[in-house]
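For reference, the structures are reproduced in the following blocks.
Each of the two complexes below includes chain A, the first together with chain B, the second together with chain C.
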Partner chain A sequence: MEAGETGTRTYLGVPLYRPRVAFFEFSSCEGCQLQILNNESTLLDFLSLVEVVNFREAMTARSDDYEIAFVEGSITRDDEVKRLKKIRKKAKVLVALGSCACFGGVNQLKNRFKDLNRVNKEVYGKRPIESGPVRTLEDIVKVDLKIYGCPVKKEEVEKIVLHIAIGKSIVLPKYPVCMECKRNENICLFELGEPCLGPVTRAGCDSWCPNSRAGCWGCRGPADEPNMEQMKKIMEEYGFSEETILDRLECFGGFSSLMGKGNTK
Partner chain B sequence: MIFRTFEKQELKKLFDILAAHNRIIGPVETGRDRKGQPVYAFADVPEYNDIRLDYSITKLPAKRFFLPFKEDLSTFKIENGDWRKEISYNVERPLIFFGLHPCDINALNKLDKVLLHSVYPMPYYAAKRKNMFIVGMDCVPQPYCFCRSMGSDTALHGFDMFITDLGSRYFVEILTDTAYNFLKNIKTGEPEEVDHIQYMKVVAKRNNEFTTQVDTTDLTKILDMEFQAEVWKYWGDKCLACGTCSNVCPTCYCYGVDETVDIDLKGARKTKMLHSCNLIDFAAVAGGHNFRPERHSRLKYRYYHKHRGFVEAFEESLCVGCGRCGESCLANITVPEVIDSVRGNWRNK
Partner chain C sequence: MKKTCNVNIKPLTRVEGHGNIRIKIKNGKLQEAKWEVIETPRFFEAILKGKKWDNAPWITGRICGICSIGHTLASIRAVENAFGIVPDEQTRKLRILLKHMETLQSHTLHLCFLVLPDFMNTGSVFPLIKTHGDVVLRAAKIKKLANDVCDCIGGRRMHPTRTVVGGFTMLPEKEELRGFGDRLKDIIEDLMLVAELVKGFNLPDFTRETEFVSLKGEDSYPFIGGDMVSSDGVRMREEEYKKMTNEYMTDQSTSKWCRLSRDSFAVGALARLNNNFEFLHPAAKDAAGSGIGVAAVEVPRGILYHSYEFDDNGKIVKCDCVIPTGQNHANIQHDLEGIAEKYAAQGKTDRELELLTAMLVRAYDPCISCSVH
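Let's look at the complex of A and B:
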């Protein structure tokens, strides 16, 4: 079956268009791409829905003829800006894959330091590299779709790709992680004496961390209209310092636009 | 109604007889909270020693066994250009609930009114409800319980047998022939006058232990009058819109339906997911309009459904007063306080 053409796969008798997709990475650990490859049991089905033409982590072949670009990572250098713009020009649809691409991810933590040269020296010592402030993909180009998470939840990526293939709308949960956490019958982390950002973080991860009794760090960013003011009150009430709260809220960059603000709705 | 008494050691025998061929769901301890207090949940009980009949309350109700958080309503097999629909009510075998408190039994009775005895019964619920056997058990009132205000502190029906601890022995109410037949397998006796006196003593003692009250007098009318009250905004500002109250509620049954296609394109399914009226998209409709975009209005309608709409339809509230929602709410929004504030008792504060 040729990529980019209507393939042999059908759904309800209707032949499905098989888009050409490419995976790219910028400043990141490339763990989100690895998540996709991690899905052995459904990998072949996944690959039959799309034609992967560029995926450095998975194959040697390279093609610049693609329609959908999944882009992982944040942008920290000028050459990355150029490369990203090139990808944007070629791709009909650009998908930000994972928290680094969407919010800057863990990388953006360095933005809080005033002197980035000192940061560079601290990390790279005598072999400094060019690395400026961390920016999200959206800071540089137009992003059509964001897939949150550090790493992304493979089931969610599969669902999104499937919906692209069969033409079904893509809907991410608007509510916070607590909803999924209760469904999974976890004991509330606050009750166990742990801080957790579940009440304000966007669901969709199936409360991945709380399922293992680890409090949420907000990697998927805020739910729709999170109650930040109340979240802070709860953290205080349960005896967590402001530093603990900020550590979590700042960790992945998803809450940066809400820092210091309460939501009044 | 038939009453019996039996010695305490007979309870294990009863459990073992029931467990021999059935799946038993009962209260078990799943951990300790930060204060060292046990945390309880309804779960499969493989051994009598695992059951914690002295449990205070479970964090989550037994709801997931008859109203699962997530349940396939139908699955579709797609083959050779054609498709076939399959429906399962997802009942494997009967379930025995051992040790349900009156509030949770009353919750089932309330759900029955909507999901079993209404114009359009829900077969998925009915199939499970018809295949359960309930051993009720008296509780020790907790500081957050207000079931007595909601008329749910005792269960008059909705169970097969109900056990009360008389101190030295158990007193059991038998409502069904199934329960009667099971009890034939253990040593029971006719209650004597001393048992009746002891029963009434125990009940009277328990009645005095309820500390939290909710004034429900004229509540439907008051809720109508106070529709625009400022207090709703106060609670709305606190609300996290996280849906926890609905998930821990034994009577919340609202749901959404999700249609998904399997990644191999050979199957599809319609999945029912319990939702919450406090979630931001609860009242969002096709076209994008959201009828309740504000937290306080969503919270308000939760109370209107529980304490007004349901009362008008069924002459009773859709709240059993178990207090789970208030206990689980990280923002400390509790039913007694919300209702108290709506009744205007906060105006002078």
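Let's look at the complex of A and C:
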């Protein structure tokens, strides 16, 4: 089956359009792309929905003719800016894949140092390497859709791709991880003596970390209208230091606009 | 016979991260053979400065999407070594099982999804789903099982959630583990079939005498901690990792390079095999010094070192991560020169040389973003 043709897959009896998709990565661990290859049991179904024409981590052939671009990673170098702008021109839909692309991810932690030359020197000594402050995709180009998470949840990616293929609108949860955590009947992590950003972080991960009794670090960024004041109060009530809260709030960059610093829009 | 060749692969595909291969041959003479790493650095060592100890495993696991479990375990061990925490037997056993499963899924990804297309004359694994469905499905079955065990023990196959300093936030149920025991026995036959397939590969004819570096096992194959050895006879303790790696910068790479007894050495599955085929010496166990913790863990691509120095408040003042692929880069460069030299006189076409050199680098299963971090 050729890309762009309607294929054998149907939805409510209507043959599905099979979009051409491309995967690209900038400064990142490439883990979000790997999550696509990590869904062994549904990979074949996924591939019947879309035609992958660009995926450097998995295939040699490349094509500049694609409709949806999934872009992973944050931007730190001029050549990355150029590459991203080129991708934007070719793609009808540009999807930011994962926390690095959406918020800068753990990479943006280096932005907390005022003197980036010292950061460079710390790692490379007398032979610094070209690298600027960490920027998100949205700092450079228009982003049509964001898929949050570090890493992204493969089920969520599949659902979003399916929705694109059948032309259904995509609505991300507006409520926080806490809601999913309660629904999963987990013991509240605060009761177990663990700090957690579940009350303010956007849901959609099915409370992935709390399900393993690990507190949320906010990798999906803030829910709609997060109650930061109350979050702070809970943390204080359970005896966690301000530093512990800050460590988590600044870890993936999603909360930087609420913290009154950082680069995220 | 074409004796002039120009190969310019930019960037190499079916590997993790961004690297270029450049070969120039004129009249049968090798003019240039270069392995360039162009990946952007993310400065993890600087990022951790001033952060409390509990941030380290969570953040450094994100150095790599493929071997995040290895990074997390190395980070945890470095913290535990710094503070004199000795994990109990159950924790040690679960960690080693978790480590093995990451190695299994990573090697399966490398061999069956990334390398196999070279021997089947395709550009990716995707067309093989139609022509060699049994092979692809078998690989997917092995990979899925390994990943499922990682989910069960680590909480998540990538960037694990349950692995923390001191042990685990949550333990797997006995029944779950029993189920995996049965599934693991079941895939032995699949693994043998993969081995048969690989035996049938027509491997390019190229060898180069190499120094191999790995951990040294005490009574079993080594994966977490212990001494490092090289096939040239060097043996060092975990905390002496700097003398084992000797990192330095080079113009052709944003990743640091390493050397030991020669210009380059190799780490990874082959090094582990060469150095641990028989167990000659029992390794000495060492306790780490106060405030500084070093960890050496055999991740899929070779020895990974994490080293942290803490102040009195448990905050990191110095962080150092030495990545297996970083240790391999210099060796890849020398291999590349060797293979290009060998085939220069034979009049290979650009396409043939492109494939051969790409296969050579791919054989190392490089994790390039990891090596630059």
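Everything below uses one rule, namely that the second predicted complex is superposed on the first by the 256 of 265 C-alpha atoms of A that agree within 3 Å, B and C clash if a C-alpha of one lies under 4 Å from a C-alpha of the other, contacts with A are read in each partner's own complex, and residues count from 1 in each chain.
As a convention for this text, contacts are C-beta pairs under 8 Å (C-beta built on N, C-alpha and C of every residue); 3 or more make two chains touch, one makes a residue touch a chain.
Model, not experiment: these values are computed from the prediction.
**Q** Does the superposition put A:E225 against chain B (first), chain C (second), both, or neither?
**A** first
**Q** Looking at the overlay, what does A:I166 touch: chain B (first), chain C (second), both, or neither?
**A** A:I166 sits against chain B, while chain C stays out of touch.
**Q** May I ask you to name which of chain B and chain C touches more residues of chain A?
**A** After superposing on chain A, more of chain A is contacted by C.
**Q** Contacts for A:C29 in the overlay, against chain B (first) and chain C (second): which applies, first, second, both or neither?
**A** second
**Q** Look at A:S256 in the shared chain and tell me whether it touches chain B only, chain C only, both, or neither; answer first, second, both or neither.
**A** In the superposition, A:S256 contacts neither chain B nor chain C.
**Q** Which stretch or stretches of chain A touch chain B in the complex?
**A** These residues of chain A touch chain B: 9-13, 16, 42, 45-46, 49, 158-159, 162, 166, 168, 174-176, 178-179, 182-183, 185, 187-188, 190-193, 198-200, 223-227, 229-231, 233-234, 264-265.
**Q** Using the touch rule from the top, collect the residues of chain B that touch chain A in their complex.
**A** 30-31, 33-34, 39, 41, 59-60, 64, 69-70, 78, 81, 83, 237-244, 247-248, 260-261, 263-265, 274, 276, 279-281, 293-295, 328, 330-331
**Q** Contact residues on chain A for chain C in the complex?
**A** Answer in residue numbers: 26-35, 37-38, 40-41, 43-44, 47, 52, 55-62, 76-77, 80, 105-107, 109-110, 113, 118-120, 122-125, 127, 129, 131, 150-151, 194, 208-209, 211-214, 217, 243-244, 247, 251.
**Q** State the interface residues of chain C toward chain A in the complex, per the touch definition above.
**A** 11, 13-17, 40-47, 49, 51-52, 55, 58-59, 62-66, 68, 109, 113-114, 117, 123-126, 129, 140-141, 143-144, 147, 155-159, 161-162, 164, 169-170, 249, 254, 369-370
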